[in-house]
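My questions all concern the structure below.
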């Protein structure tokens, strides 16, 4: 693990060599797990107002609600660490959803009814995510285009294409009739644990290990901090960045599998509205948009934070504008906390 | 090793990508529709791109300082909502400057937080503003569609010297921005701050003030863009300005303004905005609609 | 079981057009009259979020869920969840796709209403003579209603290839901006458009502005009048009907639909069997039958309040 | 003695609870050049930064013209008549020379309009550029200039402010001898006008030549000072390092072999280098001399695969490189220390350990999974860091940005040492490093060649090249204009070769 990641949190206390002791508030604000404390505090605050939030089924709903979001956010974390950004993830979710569904659907799918339908369908999802990610990465590294432009164009193009593709495969606006076995990935459970959770755990743990314990992970942080220095130090910068986009694409595709499964439908507008949520979650967690800083655990915290707030607002039956304003307020609040944190560090 | 010529060519192509894309798009659509290359249609394209272009000019200032403003679409909506709901009875010469001021003030809020919370990316601050302002506008309008009065709508149809009002606005904002960026101390300091804020501070530039000012300008331009847009489309539903930040940023970046600050300018931005609109226009002109009936 | 003191969830996907705003207001009033409480949530066109909202409402143990989903297929898991929890679910204005899950849908007979509207315009056109260049503003194809209205339009115009040529299909995605730009461009490409149909009345301001810019905004009887058909029946449509700019409007009977929806809840609570699809026949309003039918037009009521 | 203009009284400053300046006091007079010397990290730049308003002192006071002076920002300093040339270049590559010079206060058109008076700044810039001998139109973007030319622009910028006090923090690091002389002439002229200057440099000979008074810092304490005549060089050195240094260059007792380690043949890239050929042998230090802009850095970048080339052949050992990229070069045992430490050499926001480990990660990873053997890596990093004598032992915690320039340079050297390179290209390896640290770097170079490493040593300091190299290759305008063997080293003749092409052009 690159130390820089935690450095913002620890540098001050460390250089002080334990000479200075900080107040509990300062320590709390400096903690790199602040977002978890905030989530807990918020949860405890709304509990008396909507007691339903603490019921077992509500908690399990919250858990399953956050999983697909978490998986995309994990992919995004990789891209942000190298100072990139991937705005195409939601369109990958949508596009993979309809293409994958068109392979599996019982009403006229390419492999509809065949026992191969599900494995081939899943493979389609992953391939689409990987290929689009690869294409994004290719444009950003080999052609030197800015990631925001590449992926923004991808977003617009793929969203359109997803709708166009659907009209070619379905009378309605979406593709239904998905095999039971596939739907179970998004809905079912094994050993009392939702399948989606198994999937998210697998993705999360591999991502965590990849970032923290491998050469590839260290390269990514190095590229994020100083790309030129990384290049001169023999880091295959282009290839590494390309892979972050592939990872992001594949994560989006996995999220798409979960979303598509839970809605039992391949739809071309899937996930369209969650783009900013994804990026906000990662950044609230503490990953820097400027690159070089980020952790999977932080992202988990960021997603959890957003989902808890979202759920509470849903349970409160809040109107749309309240939801918007509260979300904005919360993000601003997170920003203020982060700024305070910087101040304290600077003060030394 | 050979291929330098090729590499040079590639470089030239990349540096002039917006222009080349522009020409390619023109040629494609011109060959598909004989009405595409008419003066009338071109006026049409520029008119329709003017609100995006005005907002993109504003955001160019912010991008030049290596910042970003995601709240432009929301500022646009808030301004128009206030115009339609509370300022509808005032004459245009009063209500429009008021809305512009509101935009400036909202930009100032962005700027305030950006300056106060240095070390935190403006992305997150303006994202928060995006949510808060959209929420506020939805609350004001009760999510209903709002309408503007006939004088404003007729403004949207007015032409001076055969050139639509929107294009005049666009041209004025562009000319002013161009002069400010190139020929004023402030403009050059914007570039300096974007290139290296630490060095700018050491050179005695008031970095916080420059940052604050660019967000004010961006807010102002967003409100102006809203006015130009509403004068044309006459009514604003709850999706007014929704996700406008994407084409607006895209226009600036397509025009060669770097997201990492210090590079670019408003001329490119204008091209970027028009290019985006040209594609949309061309698609309709050639009836090559994604939603074509199958 | 007493019908008083029930709680019903109203799950909308948006309130972008006056139709939905009026819809939710009529529902609130109707519910208050029946002594029900309402909980509201808007999904902002996000199927997944709406699914989560349904689960949250189940969590809140509401007595009934009225839903306006964005996607007919993606709503099925939500229906299943409601079925499992034993909570009746009614779809307002947009039916779900076919499935084994049980719910009741109230819907306007879009295709038929659109067919009637366009048929009226075609008859007018025939009567006036000449040939026609037509333009249609199509809604978001994620919306069944938009598809049915589009199909209704083509059902009729395709029967008259000699009379009408469709030169422009403007995709609006239910977005005013897009509609305006698209229509302006279409008028630029085809200045001779003289037959216009919109899939929803909420786009009227943009249509008016675009036609004015093109110099084509003239009431019936004047030279250069564009045959103009609308759909939904909002207050703007009523105004333009009496002003003579709009020739015909397919009206969804919103009052009837709300009544049908709430009636369905009561029947379901009472354990009665209710059909999966209940149709609102709607009607076409024109200058000719204005006086007789306007009382059933929800836009007229709103219009009256505004006067 | 002339009137006192500036007085520092008991200045102290801490970063993160560590005190780096302890009660520093000294005075500056009108028409005086004060030399400030000290090892890396001794607090010279920090003192200047306090004067320039970049940092605020924790304790102590400053008096300017008898009045208390407490700048809270660079603006305050400018307004008080202080100009500051920073140790790190402080220019904006995206702006032109004239804009850079006037960025903090443009003359305006017609006095009131907020429009830049282009005519005036152009005129004034031309005058200033003439003074420092830079021949570029004022509207040239600074990005086009080489490091040395940028430094001259930085000096012109300080001159433009008509300051009463000018602070120069290592202004000559990228300058050639001739330009340095030019700078000294300018400084002397300023002194004659009654302007006071503070001059920081690691080149003690220069300090002794131009300064009237010299103050010595060690670990944040002012350990001595006085008029130049009372401060001979050995006194200075022993004050700075706290001990005596006998020799500037450590003796080397190994001889170069004749086994080729790097063979370069006909490397050409139009506009940059032309037909460059040479052979570097195992155990040899091959120096590269040349005037600023001669293309030495460009050549190094080409050899390491950072820049493209049109024609030529590069062979390491006995394999000709088919692909020339940093990765491929490193696979063949090459290493490259760039001249731009901050921009390309280091990850400033990362720790010493992370920086040091970066080029070697692969060697510490399982090939299939890429899983890093962390403890082995950390041990080796610590060992290398000790070997280059970085002045902290918190390798895993200390961020590189918080190190002094010299220690940062040691980190860059350390990161390449960890790879045990066979061919090591050093571009200005001692730029901005104090005498003691330089000596350490030289010792490391000697150790390396003793182990058989071949070193390509690019430097603008002639003494250093003569003291360290076995042969010196001279470049001018992208071409090799001569090779000098050790026995015929002579700075006059080398300089002549370096200007060969220029003379030919004139003729």
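Details
A, B, C and D label the chains in the order they appear, each numbered from 1.
Simple rule for what comes next: contacts are C-beta pairs under 8 Å (C-beta built on N, C-alpha and C of every residue); 3 or more make two chains touch, one makes a residue touch a chain.
Since the structure is predicted, the reported quantities are computational estimates derived from the model, not experimental observations.
Taking B-C and B-D together, the pair of chains sharing more C-beta contacts is B-C.
Centroid distances from subunit A, each centroid being the mean of CA atoms, peak for D. Taking each chain's centre as the mean of its C-alpha atoms, subunit B lies 33 Å from subunit C. Centres computed as Cα averages put subunit B at a distance of 43 Å from subunit D. Chain geometry summary: the mean Cα position of subunit A and that of subunit B are 29 Å apart. Mean C-alpha position of subunit A lies 36 Å from that of subunit C. Taken residue by residue, subunit D touches two or more other chains at no position, since every residue touches fewer.
Touching two or more other chains at once are residues 143, 290-291 of subunit B. Each of residues 15, 42, 141 in subunit C touches at least two other chains.
Taken pairwise by the contact criterion, the protein chains fit none of the simple patterns, being neither a path, a ring, a star nor fully connected. Of all possible chain pairs, those that touch are A-B, A-C, A-D, B-C, B-D. By the touch rule above, subunit D contacts subunit A in their complex via residues 14-18, 304, 306, 326-327, 330, 336, 338, 343-351, 353-354, 357-359, 361-362, 365, 369-372, 374, 394, 396-397, 399, 415. Those residues of subunit B whose C-beta lies close enough to touch subunit D in the complex are 1-2, 4, 7, 179, 183-186, 188-189, 191-192, 194-196, 199-206, 262-263.
Here subunit B touches subunit C in the complex through residues 33, 35-36, 38, 40-41, 44, 48, 142-145, 147, 153, 156-157, 229, 232-240, 277, 280-281, 284-285, 287, 289-293, going by the rule given at the top. Across the complex, subunit A meets subunit D through its residues 2-4, 7, 10-12, 14-17, 19-20, 213-216, 218-219, 221-222, 225-226, 228-236, 292, 348. Partner subunit A is touched in their complex by these residues of subunit C: 9, 15, 39-42, 44-49, 51-53, 55-56, 59-60, 70-74, 76-77, 97, 99, 141-144, 147.
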